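My questions will all concern the structure given below.
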């Protein structure tokens, strides 16, 4: 998406500010955009509160238009400073950005466009822009790596949860009367999810003794199997952190493998680890393995 | 369960498709059966929703029969392509498969067979077939291994939970009035389970100050001891993952497997593990390791 | 508590059966007593259910007396086969055992003895006898060790939880009206416990927007800090399991310290680890280990 | 904050008692103050219970004044025994201590001072003084270190939770009718927090099938992602405990601390770490820093 070298220096400068975040103005732009997103999302949210809508409805309306103009300007700016804007326009973020603008503009043209305003809520997705802030990138990658590596185990866990709520939902449907809220299997499965995840709304709860025994079973099960994703993920995070810390250098002297990242000498036999540089101790004959001088002596 | 070599090649081919999953048609068959199971289970479930039953009751009825015919065909196919079908018929999956078919057929013959239809819900158990998909087998084994090794600790934990809910259920029964829902000890134990597992329906909740103090104790206890199964399981998963990283080198001396990844000598018989490099002890040139005085003796 | 050698052989035999669990009859006795305890506790519990009491009240009454006689006999048996029964009588379990018997007998003599029957619930404490079953002793010790070592951290955590619920309970009391259930600070603290531990009965819940914001904060806090005891305990369990697995033998050859418990040779330099026995490789006769041909060469 | 050497010996002694906790009288003072804080906080709390206020209102009033006088005396004592009391007065604890006293005194002078009494609740913050008890300091530091090191990951997690509740709150607002309690997006977000954190009051719960499907998704999500902070924190605590086991040997060659427990040579300069044994590389003259004798040889 980088502008070609033939583009004007203004466009290049704009590109660096708008699309990257490794300079001061770029970070300032990022923070300004994110603040505007958060504020516009807050405006939309608060406008749904009846009492606030009555009092500040007009203010919200103009704020809304202000943000729409601002984001329209930002959108055009992004298109302007790219050589091949198509890639951006049809990218995930590009479509989200457009979807955040369209409803407001369409409501001007179309009579039923008002209905489209619900799409404005999609704008909330732009909040994920925050993730581009460099501070979080590394941490996110570590967590993402751990999640990726444990994805099969987590899928297996989710599948087990799905099976359990299906089975227990069906069982409780047979046991409990419809008057207690267990009117159908899907609804009973909803109850099973509420119970297994230990949420426990209490909007549907068992009334028969047998139903309460089965519920207790589901609760203890849900309470205990929480250990599974946590255990899997803990192990993966630990592995990630562990890998961060150890180099994969093998000691040429004794073959020991797990040296800390900043180690220069093998902790077990004292051998110089960096084969490309001379051992500072050895003067020059590069007797890489001190352990051998023993037999020499 | 493998068909004998004397069986027709069609039966052999069918066997590989129906019972195994290591070829393309076998995987296609697996996926088709699993899809049919999921759809038939969904049909049964949605049929219990009053509004859907009214509108699509007839459709559901025919779908149900379609699936019954399909599964009957699959059942007969499985029996056909086995030499000793008895083993399958009386296996766990064989009985489940039969139990999923019988109710529909019996309801044709017997007048009260309709009542047997609840057994259809057993069909939901077939959903576990998904576990046969090879992708999950390894992950499942790792988790299963961790669960197996921690089963005594988890049992001990479950026993402690059982004791705690019995004791706290009895105590709260003495403290709280029956009008608040604590009408008997079993019901109070149900409340204790709801509270200790942090589900918290709120269908029964303490009203006296002392009862609320005891409840708070149960809550904090339940909140804290969740750490026990999680900690135990985390440790076991980590150990499993650790074993994964064990080298699969077999000692040429004594045949011991499972050496740690950084081992150079068999921990049981001291044999040099790396067959491609000379043993540093036996030669004379590169006496890399202090332990080499053995050769000096 | 062991009987002196002068006691009759019957008493010695009884002692081994009643107080220990390392022989077959002793284990049978243990299981019989534990079964009786569980049954008697179940009787007491089920007797509190109004409908069951009506129908089986008389049966429960006689069962109750049967168990009382049984436990009285067991109690006397324990006293009989000890030389210094005082130690047992005034031990924790001795007092529990007595407390489980007294109420029934006192209700015969005293007119108001009926009131003492609530002490019968103490009998439930005897359920912990199950813990004496040898299978659980080791597992229990590992968990106990981990709990002991993390007790200061867990206390610190519980203190933090106590402070948080006090502070947030006071804040919500100022924010929410009494009509929503927040009638006093202690009651508001009860609400804070219900919320922080993610139990969430819903018997008291915030109604003002500010109260709901504060509640959300408490919930997210409670949801997140659960990681603290779990993390601490996971780490301790892992350490326990780790220690189980590694010997503390140091390799006399290269000084490597973490050898697996069953290692006989250093995995890094191949040195014989057991200093008190001769290296099977260095001698000539007992060529127990194939690796020893090294010395032959 | 230490008093200068010119101060009277009484002030010095008082300083050690009031501000430190390494002698017996100092610990006694600490415990007395903490007890008084806990009691005064309990008094304030119990006074808000209507029934207790009616009966013991007068007692609470005088207790309150007793504690106010006590804390005023302690406050003046702290100021007296410091050379530069300003630092204390404007420190966090100094302001809390003052804020705990002022309301009571102001209520004497000002007519509306009664309203200030709510600030008394701030006194509860003094409860954190307990943390100064030395036993907890080390444990606290370990946990604090683990929290500090995982703060970015935890922030990222909290941000994800915030985004999820915003998005799911907006979606459920569109799906569910206002009559079910979803009257505005902020309120729907409150519901999402209640659900995602598995608290589940049940004061607002979905009634439409689609709403229940979305809720189930939120619940399973909340149930599963709890693994993230727990995994991160577990890993960090384990690392902290691991560091504990680092030897505290300082390298005689380069002064590097924190060598792994099984290290025999400094990982940075290759120096032999064990001063009591000869360096296996150096022949025998125990020239402790091999880096030098190599060139000598």
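Chains: A, B, C and D, in written order; residue numbering restarts at 1 for each.
Operating definition for what follows: a residue touches a chain if its C-beta (ideal position, glycine included) is under 8 Å from a C-beta of that chain, and two chains touch if they have at least 3 such contacts.
Computed from a predicted structure; not experimentally measured.
Interface comparison, A-D versus A-C: the higher number of contacting C-beta pairs is recorded for A-D. Think of it this way: of A-B, A-C or B-D, only one pair shares over half of the C-D contact pairs by residue number, and it is A-B. For subunit C, the chain with the farthest CA centroid is A.
Note on chain placement: the centre of subunit A and the centre of subunit D lie 28 Å apart, centres being C-alpha means.
Taking each chain's centre as the average of its CA atoms, subunit A and subunit C sit 39 Å apart.
For subunit C, the set of residues that touch two or more other chains comprises 186-187, 189, 198-202, 222, 226, 230, 232, 234-236, 238, 254-256, 268-269. The residues of subunit A lying in touch with subunit D in their complex are 41, 44-46, 48-50, 118, 121, 124-125, 127-128, 130, 135-136, 139-140, 142-143, 146, 154, 157-158, 161, 186-187, 189-190, 193-194, 196-203, 222, 226, 229-230, 232-238, 240-241, 259-260, 262-272, 279-283, 287, 290-291, 293-294, 297.
Of all residues in subunit B, those touching subunit C in their complex are 152-153, 155-156, 159, 163, 166-167, 170-171, 173-174, 183-187, 189, 195, 198-202, 205, 209, 212-213, 215-216, 219-220, 222-224, 226-228, 230-232, 234-236, 238-239, 252-254, 259-260, 262-272, 279, 281-282, 289-292, 294-295, 297. Against subunit B, the residues of subunit D that register as touching in their complex are 198-202, 230, 234, 280.
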